[in-house]
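Notes follow the structure.
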Amino acid sequence: MNKAKIAIFGASGYSGEELVKRLAEHPLVELGCLTSRQYAGKKASEVFAWVGNQSPLRNLEFIEPGAGSLDTLGIDFAFLALPHGVAFEFAVPLLERGIKVIDLSADFRVKDAEVYKRFYKHEHRAPELLKKSVYGLPEVYRDEIRGAELVACPGCYPTSILLPLLPVVRAKMIRLSSIIVNSLSGVSGAGRKADADLLFVECHESARPYGLPFHRHLSEIEQEIANAAEEKVLIQFAPHLIPLNRGIITTVHADPVIELNVDSLQAVYETAYRSDRFIRLLGSSRYPDVKNVAFTNGAQIAWRIDSRTGRVILMSAIDNLVKGAAGQAIQCFNIMNAWDEGIGLGS
Amino acid sequence: MNKAKIAIFGASGYSGEELVKRLAEHPLVELGCLTSRQYAGKKASEVFAWVGNQSPLRNLEFIEPGAGSLDTLGIDFAFLALPHGVAFEFAVPLLERGIKVIDLSADFRVKDAEVYKRFYKHEHRAPELLKKSVYGLPEVYRDEIRGAELVACPGCYPTSILLPLLPVVRAKMIRLSSIIVNSLSGVSGAGRKADADLLFVECHESARPYGLPFHRHLSEIEQEIANAAEEKVLIQFAPHLIPLNRGIITTVHADPVIELNVDSLQAVYETAYRSDRFIRLLGSSRYPDVKNVAFTNGAQIAWRIDSRTGRVILMSAIDNLVKGAAGQAIQCFNIMNAWDEGIGLGS
Amino acid sequence: MNKAKIAIFGASGYSGEELVKRLAEHPLVELGCLTSRQYAGKKASEVFAWVGNQSPLRNLEFIEPGAGSLDTLGIDFAFLALPHGVAFEFAVPLLERGIKVIDLSADFRVKDAEVYKRFYKHEHRAPELLKKSVYGLPEVYRDEIRGAELVACPGCYPTSILLPLLPVVRAKMIRLSSIIVNSLSGVSGAGRKADADLLFVECHESARPYGLPFHRHLSEIEQEIANAAEEKVLIQFAPHLIPLNRGIITTVHADPVIELNVDSLQAVYETAYRSDRFIRLLGSSRYPDVKNVAFTNGAQIAWRIDSRTGRVILMSAIDNLVKGAAGQAIQCFNIMNAWDEGIGLGS
Amino acid sequence: MNKAKIAIFGASGYSGEELVKRLAEHPLVELGCLTSRQYAGKKASEVFAWVGNQSPLRNLEFIEPGAGSLDTLGIDFAFLALPHGVAFEFAVPLLERGIKVIDLSADFRVKDAEVYKRFYKHEHRAPELLKKSVYGLPEVYRDEIRGAELVACPGCYPTSILLPLLPVVRAKMIRLSSIIVNSLSGVSGAGRKADADLLFVECHESARPYGLPFHRHLSEIEQEIANAAEEKVLIQFAPHLIPLNRGIITTVHADPVIELNVDSLQAVYETAYRSDRFIRLLGSSRYPDVKNVAFTNGAQIAWRIDSRTGRVILMSAIDNLVKGAAGQAIQCFNIMNAWDEGIGLGS
């Protein structure tokens, strides 16, 4: 198979760095270019202290971001690990040059530019691309990803929420208005910004809800649940920051609308994820734990029926930087190339 | 004022140790006796590495637990930091000797011995005391605690859940069947037991739900909510273990049954907790954080109304070993003595 | 006893905050004033989320720093928790107004302005005060502190290093040139600055040496060892950053110059620290641990003789924000007032 | 190339689990057998919560340890991740069956059975194998490992200490008797045992020296330094436990015996490690950090000359479970098979 030549934009953030680490080991990838405003002119080995003495990364130099600077490099794919509101500026000229784009920001996840504006508080500047973009959740959109030129990878919270919810929503098992989602996120989810609230001393021996009830990720969560349900929906979502480097735990409560038991849930999940190697069904006796998916592209899913209240309880665990960001992006990339989707991602 | 002479049973667990630390500094306490099966015969300074060279604790010796061994000591109060199912054995003979008992276990919290048995899986062995015991939540039962001989201090989860919920339940603001509680607990909540699941490596960079949906603390939570509501209730409760030494965050969602806004919630809380110095109302813009109550007897409470879904969101933070255990027990002890309830607890 | 009215400069840093917490509970203190450039105009309850609803701190307002703004307040003592290079600007006018100064910065620790300049890379701007200032290590300079107008509290590393070393240096037990010091510090030692290297994700699951071999604290360490030894000395010092909120562990190796055993060390320490309640001698079988001194003003000291190599090994543990900063400052303050030196510091 | 069929003994400890994870992904390995007394009869997917739904590990069953049970399996290599004192029991019959043994315990590291007994407090039960065994540090014994039947992988501390020290010892740059080693280890170094001292709450916000000055790893450290120096040596070693899951930082001080500067050190290291891809030389301005080698087989080495004291300072960082255990074992295994030594280990 031919190698693909790739560029990583915003390679010095946490998601960008995770992309660099994993793509440098991907057997079918040639790393053509890393961009970073902050580190332009520096070698990867100067920026990333983990780069080995004999790594091919060693002498790769960071350059200023900009589609033009890629013109002589023969890039096939660009991964954008940029802030929302910045990614769409780069996507347009990259796509015009025939470079396929895998975007990790929020800029192309929400199909409705009005919804985007309501949640992200600025105008969408490339609304014409929204129709083109495919939501990069392989367990749902594998076929669409295969032929896509622009893939918008889901956020970390949405991944952890949609994977347990979509099968039961599609099966019309739960009352949509009853869905209540609580999530716990490690601190890398907030990105690598020098913010006093994210200092070690402020996060260690700390735990706190934040950003509720109107978190930006609700825009894509509600869009995807609505697609699965074929009706509009509002989701209740409470995110919390906990002292982990990486990982998200999500716990969902909902009321069933049909007679349910743990076996019917098992059947629905097995059917939904039959061909999805990264989904790990834990059933109705084990619990998800971020430590069991850390540094992997796996997603654990468990469920319970509360025999007293009748409610359904869904739980999941992912690594926010892998299945919630870089790993999922690579999974999409493999699919776009019609390769085995697990290449470079372990088993 | 006369000092009270006290005994601490089970003084080597996390709650017991916290009691020792704080009662050793309490200006109106004489520490008469510490018990521990494991450490009988050892001095406090050998068991607790934090004991100072000139501390009065220094030469206090641990003894075997047993009411008889207190007979010559003139003990006025016994704090029981023992496992549930063990505490009632000691409470009976202590009370017979005229010693007042402040129990930190679950044994006297649930008024109905049948409910106790259903949740704790063994018979209650001192059901005649259940009528006598007072639930040691000063913000609710201050008057009853004042005259009590046996106080059953609430569990850590119940404290963090009841404090934000009771005022809105009493005010009949929310639909009881809609209450969904998510809590995050630090690891000291599981006690000092050499269990492989609680090893550093198993808990650090780990986060996990556990013990849902039928956690033992539900028995007292439902009892107290039912008392406030004047009707029976089933509560949905999802506890999680997160990598903190101490602290609990609770987030509650519920549907309002009357027109509500953040100001009416503020008014209800201000009225409910007007004379409660340890309650810290954060209102509708700030968030609770365990780091802001760690090592204090404070409880933070915050609230929101979700303008999209209409739901009420209540949040709280406590230190599970202080307001959730030892601090609350000392607060009750002060009240039983008709002293300022904050003595030995900071402000 | 009359209360002392105090001002805290730089009250929003980690040491400043620790001072506020502890002085607010000090029974002989009236908190007259908190300063902070960043928070001037805000109430303490807005800046510190741990302030209780009924705390006397509640409505105390931060003001801009400046000696002039204290003129109408009747301040007796000023605690300076300011960066080095800033503290001396404030000390001069405060002292001129008859306000006693307890400085937590490095500005008055080093008696020789040339040494100060060599280590801190700027001129000393109040060298005339250096003769006046007393090094605020009560275990060594208690008498001098009693009468002082300006106390320069030791740094956190120096405290953890001098306490185990000074007695054996004074007893001329070890070869000075053989002293090798390794220290491990929690992250609060670096202060509350929004520096990307101090982000949670950068410090958690991280451990690293830094700032060796020429750390600024060496200036005061060498000064004090030289004073004790009555000769000049160069110390080898390797600091490390480890993922703790608070605490310092120091391990010292040195060659003995006389026949030594663990008992002669015990005797030297017992003599040296006979009247020092915060020193906790662990002897030659137990080990210091930061968790046993955290949130206390205690300092643990342990020692060994290596029977194979003959070397002496000294170990210590302190809380860098308490015995290494705010607690020590309050201990000095109590001494300056001729009060019991432990008031407000636990036992 | 033909695959090798392997057995992992003691597969449920931390080092054993790391071996399973990595060897399951090794392209030239067939996992023939996992042993564990505790888990015999269980599937890998029941024991390891991280096993993916489609992993080849899924249905591999743990069996009781015992060479006999391997007879029908056609095993080529056995990895022993067993406690010291247990490993030699298994090595003898395995070797008799022609199975090559890679031992991660201490049982075959020390060539002198008397030294073994002095440090490990029991007789060596297979002293005849000591001549046969090769110390599994590829950077030193690559040629001997290639032809070995029995490889004794170094301990985690020794790896972190020998890698920076051996080149300068061989070059006779430092006075051997002046070597002082301080190391900081994450908690996984203590193994997965349900010991109350290793509970989360006892290790989090804790840091402590331990096991000094006579740590068992000194036996192999001194053996290897003596081999390099061609003379006997006693090493000063102070280990510390810090709140990390994984990683070791080592800081060494020593007196030079010849004129040295950072460039001559650089030259010595470059020569020594020219062909060692896992060694990462950081030079004289950067610092090692465990986070930059975590989950990799890399070892960072940095050095300084203290211009004031003249001493040499060497620093290193490794992941104790990878370069300090499982990764190094796999590196040896690759070498024994005459394969690229980095297969399955990243770059």
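Order of writing sets the labels: A, B, C and D. Residues in every chain begin at 1.
Assume contacts are C-beta pairs under 8 Å (C-beta built on N, C-alpha and C of every residue); 3 or more make two chains touch, one makes a residue touch a chain.
Here the structure is a predicted model, which is why all the values come from computation and not from measurement.
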item: Set of chains whose contacts include both subunit D and subunit C; value: A, B
item: Recurring contact interface, reference B-C, options C-D, A-C or A-D [over half identical by residue number]; value: A-D
item: Distance between the centres, which are taken as Cα means, of subunit D and subunit B, whole angstrom; value: 46
item: Cα-centroid distance, subunit A relative to subunit B, in whole angstrom; value: 40
item: Between subunit D and subunit A, distance of the C-alpha-averaged centres to the nearest whole Å; value: 36
item: Where subunit A touches two or more other chains, by residue; value: 202, 205, 243-245, 289
item: Overall pattern in which the protein chains touch one another (line/ring/star/complete/other); value: complete
item: Residues of subunit C touching subunit A in the complex; value: 14, 187-188, 192-196, 198-205, 243, 245
item: Subunit B contact footprint on subunit A (complex, rising order); value: 177, 180, 182, 184, 186, 202, 205-210, 212-214, 234, 236, 238, 240, 242-247, 249, 251, 253, 287-291, 294, 304, 306, 308-309, 311, 313, 315, 317
item: Subunit A - residues contacting subunit D, complex; value: 24-25, 49-50, 52-56, 205, 277-281, 286, 289, 292-293, 295-296, 298, 300, 346-347
